Amino acid sequence: MPEAPLTVAAPATAAPPRPARAGPPPMVLFGFGWLALMLAVALLADVVSPYAYTALDLRNRLSPPIGFGGAWLHPLGTDELGRDVLARLIYSIRTSLLIAFGATIIGALVGTSLGFLAAHFRGLVEQAVMALVDFSASIPFLILALAVLAFFGNSMVLLICLLGLHAWERYARIARGLALSAGAQGYAAAVRQLGATPWRLYGRHVLPNIASTLIVSMTLAFPEIILLESGLSFLGLGVQPPATSLGSMVGYGREYLTRAPWILLAPAITIVLTTLSVSLIGDWLRDRLDPTLR
Amino acid sequence: MRVGAELLKAEGLVRRYAMRRGMFGRSVELRAVDGVSLTIERGRTLGLVGESGCGKSTTGRLVLGMETPDAGSVAFDGRPVPPPGTAAWRALRARMQMVFQDPLGALDRRLPIGVQVAEPLDIHGIGARSERAARVESLLLAVGLRADQGARYPHELSGGQRQRAVLARALATDPALLVCDEPISALDVSIQAQVMNLLVDLQERFGMGMLFVSHDLRAVRQVSHRVAVMYLGRIVEEGEPDAVLQDPAHPYARALVAAIPHPGRSGRRTVLQGDPPNPADRPSGCAFHPRCPVASARCTQDAPTLKRRPDGRMIACHVAQGDAAPGRGVLAEAA
Amino acid sequence: MLRFLAFRLARAALTIAMVVTFAFIVLRMSGDPAQIIMGADAPPEAVDAFRTAWGLDRPLWEQYFHYFGAILSGDLGRSMRDGRDAIVLVAERIPATLALTIPALLIKVGIGVPAGIYAALHRNSLADRIVMVIAVAGFTVPSFVLGLILVLVFAVQLGWLPSGGQESWRHAILPIITLGVGGAAVLARFTRSAMLEVLGQPFIRTASAKGVPWRMVVTNHALPNAAIPTVTIIGFMVGSLIAGAVVVESVFSWPGVGRLLVVAVSNRDLAVVQCILLLVACTMVVANLVVDLLYGLLDPRLRSAPRQATA
C-alpha cells in the first residue's frame, strides 16, 4: 500500500461499516459448521484417516457400519475388498473439494477477466466475448464436458480446468455489466480520467467494488461444480481409480446397492450435506450482500 | 503562464453517435456536437450553458480528450491532445482534470477520501511518498475540509463535502485546466453557492483555466469570464456574461434569460414554444426555428453561422444579425 | 417483428457454427483425426484414404470449410465400434430418451410452476416453507443419488417396481420420477423468486392500491411478468429433452441417447460423441429460438421497437 501514511485511521481494505444485524439463522450456522468440518477433513486427511484409502482388510470384507452390526474397527464399514469406507470417504472429500475449489476459482478468474476485457475494449472484443457467453449458456455443460473428455481422455488437471469453465459466463456477464456501469457514470470513469492505467482501474477499483457480487456467485456455483464432478465420476468419466471422489464412490457402491448400501450412502449423504450447506450459505450471503443477484 | 493566454483551443468539434431506435431498429445518426469551436484561457473560466441534451457535456469530454471527435481538433498548450487510453493521454491527465456532477458516484466508496485524493499523485508519481501525506492534507484544507476527514469514507460525508473532496483530487496534480460538468446541480441550493465561491477562490489561488458546464445561467455568470450558449450541438451566442445576461441577442438566449426567476418582477415571460430539442431529429435550417418567436422563412432553410458583432459578441441568428426580417415564428405563421 | 426474427435466426446460426467450430478445434487438438476416427488398428492405406477423402492433407482453413460442408450435408462420420452411420445410431436411441424426458417435463412444469406460484403468493406460510425445503433438497440431491435411493426403496426393499432395463412401461416409472422431481424443485424455486420479484414491483402496488381485486392483479399483471424468466428455464429444459437424462439413463440402464453418449465417451467413439453434441446444440438452439419468440408474445416491448428515441 503506497498510501500507507495516509491511512492511519482506517485501513484501506476495511469495508464501510454496515448496520448491525442479527447473526445468521441456525440453518446457515449449520452450513458453516459442516463446511468447516469438511475443510478440516480435507486438509487433515492424512492425519484423521484411520487407514490408507487403498489399504485392504480381506478378513473384513463388506463389513457393515457400527449400529448395523459392524465393529469399531471400521466405523463406516468396508467395501468388498475390505477397504475402509471412512478412510475412502475422507480422501474422497479431499479430492472433491480440491476439484470444486480449483474449478470455482478458475471459473471466476476466466469469467471476470473476459468480462473486464469486454467492458474495456468494447467493439469486436465485446462481441466475441458475448458470443462465447451465448455459446456456453446454450449448451448443457455436462454434454460439453463429456465431449471434451471423449476427445482428450482424462486427467485430474483437465478435469479441474474443464469444470472451471462451468459458470464462467456468469462471472463474465456480471463483471462486464458492473464494469460498464462503473465506467459510464461513476468512479471508474473518474479514476480513468485521473490517468490510471487499466491495471490500476480494474485491479484496485472495479474488482474490489464488485468482489462481494463475485463471491456470492462463487458460492452459488460451488455446489453445482460438486454435483457436476460427482455426476461425471459416478458415470466413471471423472476422477479415475485409484484416486477416489465422492461421485466415484457412489458409482462404485452402486454395484453393492442391495448387499452393502453403506458404501453408497456415506458419500451420497456427504454430497447432499455439502451442497446443501454451501447453497444455504450462498443464499444467505446473496440476501445480505447483494440482493440484486438472482 | 500569463493569465489570459490561450490554454486550449477547440476547432470545429463534431461528435456523432449512432443511435438505434429500440432494440433492433434502424440506427439513426445523432449529432451530439455539431461544429463547436471554443478557446479556454489560462486562469479564466468559460461557461457553457444550455438545456439538457444540447451536447454541452459531450463538448466537455471532447475538450478533455476523453472521446475522439469525428471532426475538428483540440489543441492543449498548442499541441494536439493524444488519443484516449494511450500513455501520452494518461500522462496529460496530470494537467487537465474533471469535476463530475455526482460526487458520490465519482468517488470509490470503498476507499477513504485521503487515499483517493492521493491517487493522482500516486498515478503520476508526483512527490516522494513521505511528502504526499502533507500534500493531501494541504489539498483538503484548500478545499475547506478538515485534515482528519481524509480518513472518512465518501458515504460519511455530506454532498457538499464530497464535491470538495472531488475538487481536492482534481487539483492534486496542479492541473492547468479543470472541466466542471454540472458540478453543483446535484447539491442542495444552500451548498451550491459555497462550492461556486470555492471554485472562484481556487482559481485565483491555483490559476487554472476552467470550462464550467451548467444548465444554470446564473451559476455560469457567477464563475465565468465568458459564456457560451449551446443549442442542439452548436454555440448560438458567446460573450461577456453580464452583457449576455442583460442583453441577450439570440432568441434562445433571450428565452433562457427570461426563464430565470426574478424577485419582484411580474408580468409576462417569454416561454419557449414547441417541443424540447431532439438531437436525433434535427430541424432544417436554424435548429431553433420551430421554437423561435421571430423565425422567418429563411430560418427554416439556412443554418446561420456564428459571427462576431462589433462589440465582440458572437451570435448565430439571421434575425439578430440583421440578415432576415423578424418573422412571427413558425407556429404563429402556420396558424 | 421480422427484424427480430432475422436477428434471432442469425444468432442461432452463429451458435451452431460455434459448436461445429468447437468440435473441429477439439478434434484437431486431440490428435490425428484420421487415426482417431478410423481407430488405432486401421490399415495405413485406409487411414490415408480417409485423409484424402476428408482433405486432411490440405491447409487447415480449407479443412475447416470442408468439415463444415460435410456436416451441413449430413455426413457425421461412422461409429468406430460397428461402422454404422453415427447419425443413425443416435436417431435409434431418441425415442427411448423422449419416453423418459417428455413425461418428466410434464411433471416438472405441472408441479414446479404451480408450487412456485403458490409459495410466492403465500410467502412465509407453512406451505411456502415446505415447498422451499423440498426445492432446496431437490437441488442438492444429485439425480444419481435420488435414483439409487428410489431403487433401494421401491425396487430392493418393497419390490414394487423394476430397478432397471426397458422391458415395460413399469420400468420407466422410477427414471421419470427421478428426472421430474429434481427439475420440479428447480422450477419451483425459480418461479417463486421470479414471482416474488414481480410482486414487489411498484406497478403491482399501484394496481392493488387503485382497488383492482387481488386475484386480477395476480392473473393480469403478476403472472405474465413472472412468466418471462420462468419460460427461459422451461425452454432450457425443452432444449435438453434429448440429452437431459445422461445420468439417470445410466442409473437405470435405460438405452437412450444419454447412455449411448456415456458409452461412446468411454470408448472414445468420437463420431458418435460429435453427432450427439451437434444434435443437442441444435435442439437447444431451436428451443432458445422458440423461447425468444414467446418473449415477443409475453412482452410487447420486445415485439416492436419503441417509437420515440431517448436522447
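As written, the chain order gives the labels A, B and C, with residue 1 at the start of each chain.
FYI, a contact is a pair of C-beta atoms (placed from the backbone, for glycine too) under 8 Å apart; a residue touches a chain by one contact, two chains touch by 3 or more.
Nothing here was measured: the structure is a model prediction, and the numbers come from that model.
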Query - Chain of greatest Cα-centre distance to subunit A - result: B
Query - Innermost chain, where centres are averages of C-alpha coordinates - result: A
Report task. Express in whole angstrom the distance between the two chain centres, defined as the mean CA positions of subunit A and subunit C. Result -> 23
**Report entry** Centroid distance [mean C-alpha coordinates] between subunit C and subunit B, Å
**Finding:** 54
Query raised in the report: Using mean CA coordinates as chain centres, what's the subunit A-subunit B distance in Å?
Result: 50
**Report entry** Multi-partner residues of subunit C (at least 2 other chains)
**Finding:** none
Query raised in the report: Multi-chain contacts in subunit A: which residues touch at least two other chains?
Result: none
Query raised in the report: So in the complex, which bits of subunit B are touching subunit A?
Result: 64, 66, 90-94, 97-98, 100, 102, 105-112, 114-115, 118-120, 122-124, 129-130, 132-133, 136, 148, 150-151, 153, 155-156, 166, 169
Query - Interfacial residue positions of subunit C with respect to subunit A in the complex - result: 11, 14-15, 18-19, 22-23, 26-27, 29-30, 136-137, 139-145, 148-149, 151-152, 156, 193, 197, 239-240, 243-244, 246-247, 250-251, 261-262, 264-266, 268-270, 273-274, 276-277, 280-281, 284-285, 288
Query raised in the report: Contact residues on subunit A for subunit C in the complex?
Result: 131-132, 134-135, 138-140, 142-144, 146-153, 223, 227, 230-231, 234-237, 247, 250-251, 254, 257-258, 261, 264, 268, 271-272, 275-276, 279-280, 294
Requested in this report: Please name which positions on subunit A make contact with subunit B in the complex.
Outcome: 2-3, 5-10, 12, 15-16, 185-187, 189-191, 193-197, 200, 205, 208-209
